[in-house]
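When the chains are written out, they are named A, B and C in that same order, and each has its own residue count from 1.
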Amino acid sequence: MSDGAPLLSLTGVNTHIGPYHILQGVDLEVRRGGLTMLLGRNGAGKTTTLRTIMGMWHASAGNVRFDDADITAWATPDIARAGIAYVPENMGIFADLTVRENLLLAARSGPIDDARLRWIFGLFPALEKFWPLTAGVLSGGQKQMLSIARAIIEPRKLFLIDEPTKGLAPAIIGNIIAAFSELKKSTDTTILVVEQNFLFAKSLGDAVAVMDNGRIVHTGAMAELAADRDLQHRLLGLHLDQHQ
Amino acid sequence: MILSGDPPRGRTLALLLTVIFAGLALAPFLFPGMAALNVAAKICYFVVLAASYDLLLGYTGIVSFAHTMFFGIGGYGAGLALYNFGPSWSSIAVGTAAALVLAVALALVIGLLSLRVRAIFFAMITLAVGSAFAILASQLSSFTGGEDGRTFRLPEALRPGFQVLNSPVAVNGRVLTYYLVFFSSLILFLLMLRVVNSPFGRVLQAIRENEFRAEALGYRIVIYRSIANCLAAAAAALAGVLSALWLRYTGPAVTLSFDTMLDILLMVVIGGMGTLYGAVLGATIFVLAETYMQSLMAVVSHASLPLLPRLFDPDRWLLWLGVLFVLSVYFFPFGIVGRLRKRH
Amino acid sequence: MSAGKTFKLPARRRDIAPLLLVPLLALAALPLIGSFSTWVTLTLAGVAMGMIIFITASGLTLVFGLMDVLNFGHGAFISIGAYAAIVLVPLVSGLMQADSIAANLGALMALIAIAMLVTGVLGYAFERIIVMPVYGQPLKQILVTVGGMIVAEQLIIAIFGPVQIVLPLPTAFRGSLVFGDVAVERYRLIAVAVGLVIFAAMLLVLNRTRLGLLIRAGVENGEMVEALGYHIRRLFVGVFVAGSALAGLGGVMWGFYREALTPRMGMDVMVLAFIVVVIGGLGSVGGCFIGALLVAVTANYAGFLAPKLALGSNILLMALILLWRSRGLYPVTRR
């Protein structure tokens, strides 16, 4: 699964938002390939971590390295072009643009690759159905699918995905789990997912990192965490099977 | 300072303010002649007008381009009352009262609107409303005297012919009018100083700094902003009354024009937003520049380079003030007062 | 792309109510005005004026939608465009005095080109020097751009003098075409044509090009566009320059419409442009188009029916529209 240097590494990253000190020294390594889950309570700093990686907020201390480059002070568009795709918490769908236009925008290098599009339609049939319509009419789950589709429309090195199952019905979550499994199988893209839904995390994650109070408090293999109920309770304050 | 506990804080500033105060207080005796007295009176009521705008812009953080509307309401209130009901103190009282009521009512409406829309939207809308009001005043000529405005006479005690003293100095009705304007302006300014340094004023500043936090702390922004709007409008209206009394004239060009609006904007920003003393400095500098810079510039204007004379043409003093204004926004956010106070 | 699948797609919800406003207004005014020929004249005058206001306001709405920058100095570009053109008038006077539509159009195009070039370049300078340092600070933005406007107006007066300068229409543009009872001014038809061309061009760029896609997406969510890998800030400058150039174009058209130039002319149109932008919805070109027509047509009807209320009628219109749709006719779905 992994080999050599980590694809993404954060070292001692501190981020301030206004007067608030959100990230207080984050050390995180994400190995190439596979899916890493970033878990933690509300307000632990998970979204802030992703946004810092993406350059939307700049770290006040520490550094972020991606694929052997120090991207700490880079501008967001350059970070995206280095090969990172970002699926934000609120999905970031352009509601006034059609599904087609949303995907077209995400396909930076030109027209959409046909084969790739077929594959996406296979994962998310609804997108084919709603192709010419404005994205605003899509349901929550469909918007999430579109957001993910935008990230995978072209090959990328790393996906940053923020709470993909938030607010979605269990059936849709099932679709998304299937899509991610398929993603893991058919591409060698590294995936970093922020989640609160432990069931989702358990079924897909290879590695796991847990955040609390702006720091990483645990890293390891998912299997290990999944097996240790006491550890789960300590870190996340819940039991595995309770959380749907 | 008296009543408010908001001292100038800065030796140079205190010195300047004292000089200005002394100059204005003793104007009829220090600077003989009507022209100089005109300048002094204009400074007085513009200080009040600019300070009322600073209350809105600097303390509450609201950008409005309709402020001269209130100035005009005051001017027209007193002016039309004196014109229609005859030159008596009761006319002045009635006109002033009517103006205040109208001004505060309008301020309430505008204030409520400002909370429903974003700041930039609001600024745009006030621009439109201010323009419309000015045009309306010119159009309703049978009532307001249209473009030409109205001239009227003052009660007897305020007329030039009314002699109080002949020696050691000549004190006539004009001088009395001047002191009426001067003391009214002084009192209004001190009152505004008191307001911004009261708990109410502090809440206003808190709201300006961070709206969400203020609301989270339990302050009803609606109420504070509305009150601030009304106070500013009332003060502006009273400044308008004073201007009408001094000029013995009221009209759209003097009170409602966009030029006047820009003038007070310049005064407040160059003088220093959110300080009230800035309004004093700004108004003084502006009125003096308007009157006297012309002669200064006429000197430079006689150079031989082609465009330069045009740029330094005495009528272009506003160009340079505009440049100073832009520079102030970038480099002196607290205006001259800020620089004098040497804020860290 | 998709093979013929037969399922019911949700109906494409087209928001047509605002599109009906102008026709409804026109119809409502007809009985009030009484005479059909007067109605036609007023309506056409309104449509022509509306086109010109649209041209000047369109740049304003895009700049605001995309960059959250409200340029209170926009009026300066309108004036500068007109004054830049008038400098050129002596050079094209031959073309302008010829009694041929083609020659006159040529002259007009030349004037417009110069105006757009000058205001475009100045727009670039204005954006980099004056606006950029205050991105994200609305208060300072308003103040600084107002300051820019004051300085620009004073410079115009310094260079051209404070007095009105007459700008006569080219020969073949003067007068009217007469259809029975109705007189239709030639220049107004030209203004309508120019306006429609600009509108069509804007729609084409916005809806059929990648650039337009970026702009539309950027108006909705600039941050996400950056996250997709586009340097949207570079786009800002371009849009600002385009908006300033359009203002210059509008200035030339307005100058001919009024057949006179005054240093304050830009400010006057700008107030109308602001009302239009607020009515149309910040960031929406379509809304701006309808708003401009509404404002101009209303002003013309009011000017005939109740002259003292002309500008007031626009405020009233704005208030009514905001009561109906508090963010304008076609508000852009924001974040």
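Observations on the model:
As a convention for this text, a contact is a pair of C-beta atoms (placed from the backbone, for glycine too) under 8 Å apart; a residue touches a chain by one contact, two chains touch by 3 or more.
Because the structure is predicted, anything quoted here is derived from the model rather than measured.
Taking the mean of C-alpha positions as each chain's centre, the chain lying farthest from the centre of chain A is B.
Closest to the middle of the protein, by Cα centroid, lies chain C. Chain B and chain C have CA centres that are 34 Å apart.
Averaged C-alpha coordinates put the centre of chain A at 43 Å from the centre of chain C. Distance between chain centres (mean CA atoms), chain A to chain B: 57 Å. Chain C makes touch with chain A in their complex at residues 1-2, 5, 7, 9-10, 12-13, 210, 213-214, 216-217, 220-221, 223-232, 332-333, 335.
Here chain A touches chain C in the complex through residues 54, 56, 75-77, 80-81, 86, 88, 90, 92, 94-97, 101, 104-106, 108, 117, 128-131, 133-134, 136-137, 150, going by the rule given at the top.
Residues 64, 70, 72, 130, 133-134, 138-144, 146-148, 150-151, 154-155, 157-159, 162, 267, 271, 274-275, 277-278, 282, 307-312, 314-315, 318, 326 of chain C are the ones touching chain B in the complex. Of all residues in chain B, those touching chain C in their complex are 61, 63, 116-117, 119-121, 123-125, 127-129, 131-132, 135-136, 139-140, 258, 262, 265-266, 269, 307, 310-311, 313, 315-316, 318-319, 321-323, 325-326, 329-330, 333.
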